[in-house]
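Next, two complexes with chain A in common: one pairs it with chain B, the other with chain C.
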Partner chain A sequence: MASLIRSWIPLLILQSFLVAIAFGSKEAEEFSEALLLKPLPDRKVLAHFHFENRAPPSNSHGRHHHLFPKAISQLVQKFRVKEMELSFTQGRWNHEHWGGFDPLSSMNAKPVGVELWAVFDVPQSQVDTSWKNLTHALSGLFCASINFLESSTSYAAPTWGFGTNSDKLRYGSLPREAVCTENLTPWLKLLPCRDKDGISALMNRPSVYRGFYHSQRLHLSTVESGQEGLGSGIVLEQTLTVVLQPETTSVETNMQPSWSLSSLFGRKVVGSCVLAKSSNVYLQLEGRLGHESKNVDTEIEAHKLWKNADFDLSLKPDRVLRESSSLLFIFDIDKSSDSEPFDLGLTWKLPSKWSCQQAPLQATRFLMGSGNERGAIAILLKATESQEKLPGRVVTDGRCTIKANIFQIFPWYVKVYYHTLQIFVDQQQKTDCEVLKKINVSPSTDKVSSGMLEMMLELPCEVKSAAISIEYDKGFLHIDEYPPDANQGFDIPSALISFPSHHASLDFQEELSKSPLLSSFKEKSLVRSYTEVLLVPLTTPDFSMPYNVITITCTIFALYFGSLLNVLRRRIGEEERFLKSQGKKTFGLKQLLSRLTAKIRGRPIEPPSSDSPAAQSSFLSSKLIFKIILVAGAAAAWQYFSTDN
Partner chain B sequence: MAEEQNKKPCRFWIWASASVVFRLILISFPGNLNLSSRPEVSTPLTSIRRLAEGYWLKQASMSPYAGSMYHGSPLLLSVLGPLTVQRIKGQPSHLLCSLVFVIADILSAMLLRGIGQKLQMAYGLNARLLGFLKSSRDKVILPCGDIAALVYLWNPFTIVSCVGLSTSPIETLAVILALFGAVTRRVPLAAFGFVMATHLSLYPATLAIPMIILLGYGLDAPPIKLFLQTRSVENEKSSTSTVTKQAKSKQTTHLPFLWKTVMHFLFWVLLWSLYVLVLCALSLNKYGGVEEMFKRTYGFILSIEDLSPNIGVFWYFFAEVFDFFRNFFLIVFHVNVLFMLLPLAIRLKHRPCFLAFVYLAISSILKSYPSVGDSALYLSLCALFVNELVDMKFSFFLFCGYLGISLLSPVMHNLWIWRGTGNANFYFGNAIGYACFQIVFVVESVSAMLNHDRALRRSSSNHGEVNS
Partner chain C sequence: MKIVILVMLLCYSFAFSSGDTTIHTNNWAVLVCTSRFWFNYRHMANTLSLYRTVKRLGIPDERIILMLADDMACNARNEYPAQVFNNENHKLNLYGDNVEVDYRGYEVTVENFLRVLTGRHENAVPRSKRLLSDEGSHILLYMTGHGGDEFLKFQDAEELQSHDLADAVKQMKEKRRFKELMIMVDTCQAATLFNQLQSPGVLAIGSSLKGENSYSHHLDSDVGVSVVDRFTYYTLAFFERLNIYDNASLNSLFRSYDPKLLMSTAYYRTDLYQPHLAEVPVTNFFGSVMETIHTDSVYKAFSSKTSNNKINSEMPVNQLSEHDELQKANIPNDELKTEKQKCPYTQMRVDLHEKLEKFENVDTVVNLGIAVMVFVVMISSSLL
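This part shows the complex of A and B:
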């Protein structure tokens, strides 16, 4: 009995310990998953996966995490990251059809490739070091070449143009990075259920990567506890935004395609992730539809909302929320099970058409000029249709204006002439002071740092189009600095256009059930849009030539040196004779030498005479002896000094 | 004869003013015929666009050297900078800058003419002393000043670099000013020109040797031995020699070196360079001071950071060479400029002006960022020695070579950069050809000068023999 108890005691202790840990962290760490589905006006469907993981402030360092990924918390602790966002994107967000003035697009429309920005909580002098270490850590964590952002030529320190005013902010982007499933797998590993269970089980790789747009984002921010002794909490937000084209069988072109989760992803949701606090699926219907059904208010009529003349939903929504222009159906997937999987479907009955709200100005960027010597970059801002309806116009001195921030990084091999900056508003050139409110330039240094341009434009509200052009020279690189596919060209990262006076938010009038996705929509987010990545072809040298170039150039130098020296020391016959006749008179050194040799030999001095061969030979031998002595002396001196050391 | 002499200057002025008019016509073309972006005309050091960028950065209260755009002098920035932003309505931009460059060209030509006239006088004097011109009046001394000035004004290279908005006319002006000051023995002027030239483009620092010789020993003359020889012949004859001449000949067994003038010169150099440095320090007060300036100007010249193509050979070499050897080759190439200074100075010490020409030619070959403006300078200096270099070999071949290169260079550049049908080797081959022609030119001109001295010696000894 005693032995039984003795054997039970450690087990009991362990159990109680485990329970304590589990309880402690369950209260603290929270995970929630959500999926937002949204039909887009151009017959596509947007799926936005949203996972949020919260680790509350705690005072224990090196703590154990129940849900929160340890890799991320270590990252935050080690590099003192205050806020960070990393995104992997493929495809370009279509601002015209997919919207540009809602929280979804302003947060998830990202530039092609990898974009990383981070704010650090370290002294100013250590920010760059922290950034470099962070890029390496992330590079290992996400199997991507984020470590290329380490070099000072690829990142910048925006002051105000990025939207976050901090001098400890670093921003870098890699437009060339190919994003694929090897980046998604480590990203999924950070989720407690991975892609085994819950909403993330929908992420069937072929269907996710078949989409028109794919952006995988990781945003983390630390929350100060405000209490002494407590560390800071971390909020990790992981989103995956995909735009998919549902397969349609209908022949009618103006009919929106009907779809279901299984047709989009090839999978169904079977139950939620058990570790998630909440797991919801949202369906957002936008535009005209929302307006039509706005007057439907009561609960009973809400029932009609999901089965009406326009469309049919395959499942009954648990709740319906409405915003000024859109409807939100909320589904809880806890009820689904293996026998009854959750497979939401939308069937359109009538052709319908609506449009998305767009940002006040739509930005495109392009290159001008031809040839590999110089060119110009132009950013064109075009007023969109919805511009007049938008809130956030600033009226100063009786003038209605739109503010637009432009933030642009130039790699050093694009040598920008900032004095050539020209601004055209409605095809008329404007002087800087008219529209340019603020400008901040940090010019690039060759092979050391990249250039950065931040501009704040204040355009009149009735503007139709505004264009900015800036000239540049193309740099010439060292042969080692070219990538293997040098003739493909070099990428200029996307410019960021943000509208500081416009904020996008979706405010669903009802009290929200603490859904992280909806509360993140409720927050006012800066309206921003990224432009295209530009491909600049640079001149290449001949990569097979280094040896030839070295030898030919050295030959030129030899030619110069040799021929010039030859001309200088050339004597022509008569000149030599002249010298000889001069030499007879003044024999200076030679005479001295022969005298010296004579003394050594103990013979009387022989007067040197050119016509006696004997004297010649003796003189020669004396010369020889002198040379030998000289060499021996040099050798002795060398020996002496070298042994001295 | 007198009529002809009157006509000559008249004709000179006509041609000189014609060249000015020609320049004015060219600069009034809009866009300056796109010459300002030609790599042959504007280098990273002399490009006016980069200067405008530096000025813009300075106006935006940043260091003009921030970024890797501007690498010139801060003084040039404060003189030319305001002109780059001022626009006259209806006129091509940068018109004011172009006018400054035209004025610099005219001044250079006038100074060259002054140098040439001095040299011509010295040549005539020496020839008379040696007794060549006593009997034969038919052997005319060419007016080398007028010729050099016209060569300078009408040289396509000069015109192109003046119209193409590079700052090389100003650098040229500083160099010519230094030589003019030394030739006319205006020591402060010479020192000022020398300091400015060195400040603007570093390489004219080598001119210190010829200028010191010029101030110490006087103008170009045949070797001193010749005078001794002739004197001795004359003394032997002792028929017409006067007492003073004998005294003179005794003195000239050892040519006096005017230490006082040279010291004076060095003092002024010190003064002017202090002055320039103080001015630079004042204008770069907030942006890193003089140290930053040296790093961004001289450092940029010496470390050859910019690998954009030009008519020199360094850009491609350093774009291709392995990084490991970069420093080694940098040292080798720069030392090559210095290597020949001493041998040339020893051999040509009796002809300091010619020595200056050779130095300038060498530095224009081995410069890190050469342009045609440098060639324009040494070609017109070469014209100062038409009397001595009449027997130069390969002159037609060289002329054809320069012509061919200057026609081929834009073609090759176009093929490589704009059309993409050629590759870098096309343009580099051209640059190599240009370097070869320049080397042959320098070597042949030195050789011709030495041969000229030999011929003088031969004829003087013959002369002496005949006399005796």
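This part shows the complex of A and C:
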């Protein structure tokens, strides 16, 4: 019996394995597209494109994909990437008007330029190599100079300040990197329908790049299957967030501008991407509560929601959802076709005002001091109006506090003195232990690694403003290390301010989790905001200096030798005599000399004067003899010294 | 001993055969814009125009290495975001929707340029940033920027000298990275950049002779800067009429340059290039037209075959007349809009030369200087 069982065991294992594979393969790859439109209080419109591509766990060898981009899965396999985010951004997110306490802003408000972070699933010693290879691969894939992040002076390994706790995390950003069509096109090529069909067909390059803010993000994470023999699944999330200014004809400044998809992008949606599982357009209106009833069951009520005294929608929404302070209209674009393109429009009839929910503290960062030698960096946190209403206050020991994490990378040429860290709360200097809960500093090494500062502040709830300042010295670079436009200054990457006890989420009470956009909103995301990029002018050498040095040295040499020559060779008295008596001839040494002079000067022989030739020749010969002695002495001395050595 | 000689002979014959009789297998293009800053918009437009042309004539994106030293399309000063124009009529957006820039911004350095040519990269560098040509490749190397006597400036910070270029080409030849190479340069005194070249199979065209400047073609008042250089403008005027099946020869391209319109003399260096120019179609370098050869057996050794296609060394009559019209149409335009942008280096050189001319008996000064320098060196060394 025992032997029978023993012989059955491998079979059973094999069977369960096969079942698992069959089960795994049944889970197909999924792609979904969504577009969220949102009018902003400052008369702009936000468009947020969201594409999600899921590859289920499958056998890691010989993986075959239907929808999932092969380039990304190869990247994940080759570099063992556990989680990665890459963003390309131009423009600055306006936290005041565009919101700072919603999932959209906390995930899509990114620092200017390129930001890349990745968590690897490799032994600790190989993380840096993987990072280096990953940056090169990404630079080839996305046509950007991401490979500049490979040098250890440009990235850091945050421990807890970044929000993701892992010792295999690497973070780097390139604030100067340009973002343009060549970055968007490869990003679009990862989509199964590219920009040919579906929602992505809206992305007309000139209208996207004319916006006030555009941020193109790629986030991928691997999902462990938990089963042996199966690799991990990959979730690839691609978002493009654009803030556009609709063209208005109305002169009323308090009236919100009316817009439609075709006026914003110059294109219309013609059908959905057939490979997408769901393709929806959402319109989110904020600050509409109170005057609508909670009950939207009846047809008339629903109709009132999208055609009312305030505004008109050009299309009837398929569903309407509501959250505590906002309305969400959902449109299915499957029905649109060539003859009936989907062109959603919003027409405002009455002036409307609302405000966005803001993060508890608003962060700005600036430079202090003047001159090219030293300075100071200050981060100012100001309380916002909405601070008191927000959840997420922590009451410890009877004190209500707000936690704020600050994460900052300093390039090595900004030599920060960490002992000069000063913290002011409501303009009063505080000792470190009062407000500083945790601090982690890794100082920079010249030309080897960048410095990193992670701080956790615990501020009282009633705080109005808090300021942190730290002093630094400016370093000198080697002449080869300066970029071609060094006079423009050097960038200090954005600092990241996050609020670990605050989480933003939008829950539209929709149990159907089939929309990845809404489910990503539902997840609690850390409230975070990036500060401005600082431009530090460093001492730049005069790059024409070598040339100047050469010219000046040559001039000095020429002057020196010229005058020396004059002193040694010129005989003014003799020249005058030459002029007085031309035509007369002399003989001997003098003639030889004049011939030599003429030859050297390249002039015809000037007949020397014959005025008192004897005296002249004796004078001349004495001078000549002196010279010869001098030269002979010099030569002898030289000979002596050189042989002495 | 005999074996050694045999091996040497074999090697020699192999080298000989691979050098001359390899069949043309693929086309590559390396397009370089070396100028940074907004006012050098025209250099980027030049490069992108060529990029568009070679793409249109059949070279795929993965065989084009495009190097752009600055971002003009999404520059804050650009009135037309994500668009670059090479003509003030704005009919053609050179940036398009599908541009693939391989090296950009600070990456465009002399070092990276030479690395691309010679193929000496770090292991991590992706394939899209490498010139993966072989011994059957025809390579077009186009460069534009600011230059002078035997050098081309990269980003106003470095120079590529004619020796560097010649050495790189020589190394490429030795590594069998090309069969034929065409170097086209649009810069001041472009001809001087080819002085040191000595590798066979290299054909070079420069926009101007030594001492001459290359001028911009016209100013676009909407963009605010000059949008194209003369040499490139007339090169494009030639190519715009061609499609992938045309057989226009290199000779007809060379003859299409009119020194009056260019305001400089285009220079061709052909002594290193064997084939007769009238028989070489321009698509040999600017396009990718493959010749299919029927073989009886599957693996028959290939041999170089002269093309049976008739090459038009003369442009068709209607094209010529069109060309004339174009030129006539352009003449008043040119006079109005020529922007005299003399290269500062040339200017400086001319000034210096004039001063030297005025300075008399230079030889005497030099001779005396040398004599006294010897003397002083002796004194100073004895004092030390």
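The definition used in the following text is that the second predicted complex is superposed on the first by the 502 of 645 C-alpha atoms of A that agree within 3 Å, B and C clash if a C-alpha of one lies under 4 Å from a C-alpha of the other, contacts with A are read in each partner's own complex, and residues count from 1 in each chain.
As a convention for this text, a residue touches a chain if its C-beta (ideal position, glycine included) is under 8 Å from a C-beta of that chain, and two chains touch if they have at least 3 such contacts.
Note that the structure is a prediction, hence the values are computed from the model and not measured.
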- Query: A:V549 contacts which: chain B (first), chain C (second), both, neither?
  - Reply: first
- Task: Check whether A:H419 is in contact with chain B, with chain C, with both or with neither, and answer first, second, both or neither.
- Result: first
- Task: Based on the superposed arrangement, let me know which partner A:E177 touches: chain B (first), chain C (second), both, or neither?
- Result: second
- Using the touch definition from the top, say if A:L568 reaches chain B (first), chain C (second), both or neither. both
- Message: According to the stated criteria, A:F641 is in contact with first (chain B), second (chain C), both, or neither; which is it?
- Response: second
- Taking the superposition as given, does A:F626 touch the first partner, chain B, the second, chain C, both, or neither? neither
- Regarding the shared-chain residue A:F366, is it in contact with chain B (first), chain C (second), both, or neither? neither
- Message: With the touch criterion stated at the top, can you tell me which chain A residues are shared between the chain B interface and the chain C interface?
- Response: 561, 564-565, 568-569
- Within their complex, state which residues of chain B touch chain A. 37, 49, 52-53, 55-57, 60, 62, 66-69, 305-309, 313, 315-323, 332-333, 336, 339-340, 343-344, 347, 362, 365-366, 416-418, 420, 423-425, 428, 432, 435-436, 439-440, 442-443, 446-447, 450, 454, 457-458
- So in the complex, which bits of chain A are touching chain C? 90, 132-133, 136-137, 139-141, 143-145, 147-148, 150, 176-182, 185-186, 195, 205-206, 208-210, 482-485, 543, 558, 561-562, 564-565, 568-569, 600-603, 631, 634-635, 637-638, 641
- Query: Which bits of chain C are touching chain A when the two form their complex?
  - Reply: 36-37, 71, 73-75, 80-83, 95-102, 104-107, 122, 124-129, 155-157, 361, 363-365, 367-369, 371-373, 375-376, 378-379, 381-382, 384
- Note on the structure: Listed in rising order, chain A residues that touch chain B in their complex are 370-374, 412, 415, 417-419, 439, 441-447, 451, 473, 475-480, 539-542, 545-546, 549-550, 552-553, 556-557, 559-561, 563-565, 567-570, 572, 574-575, 578
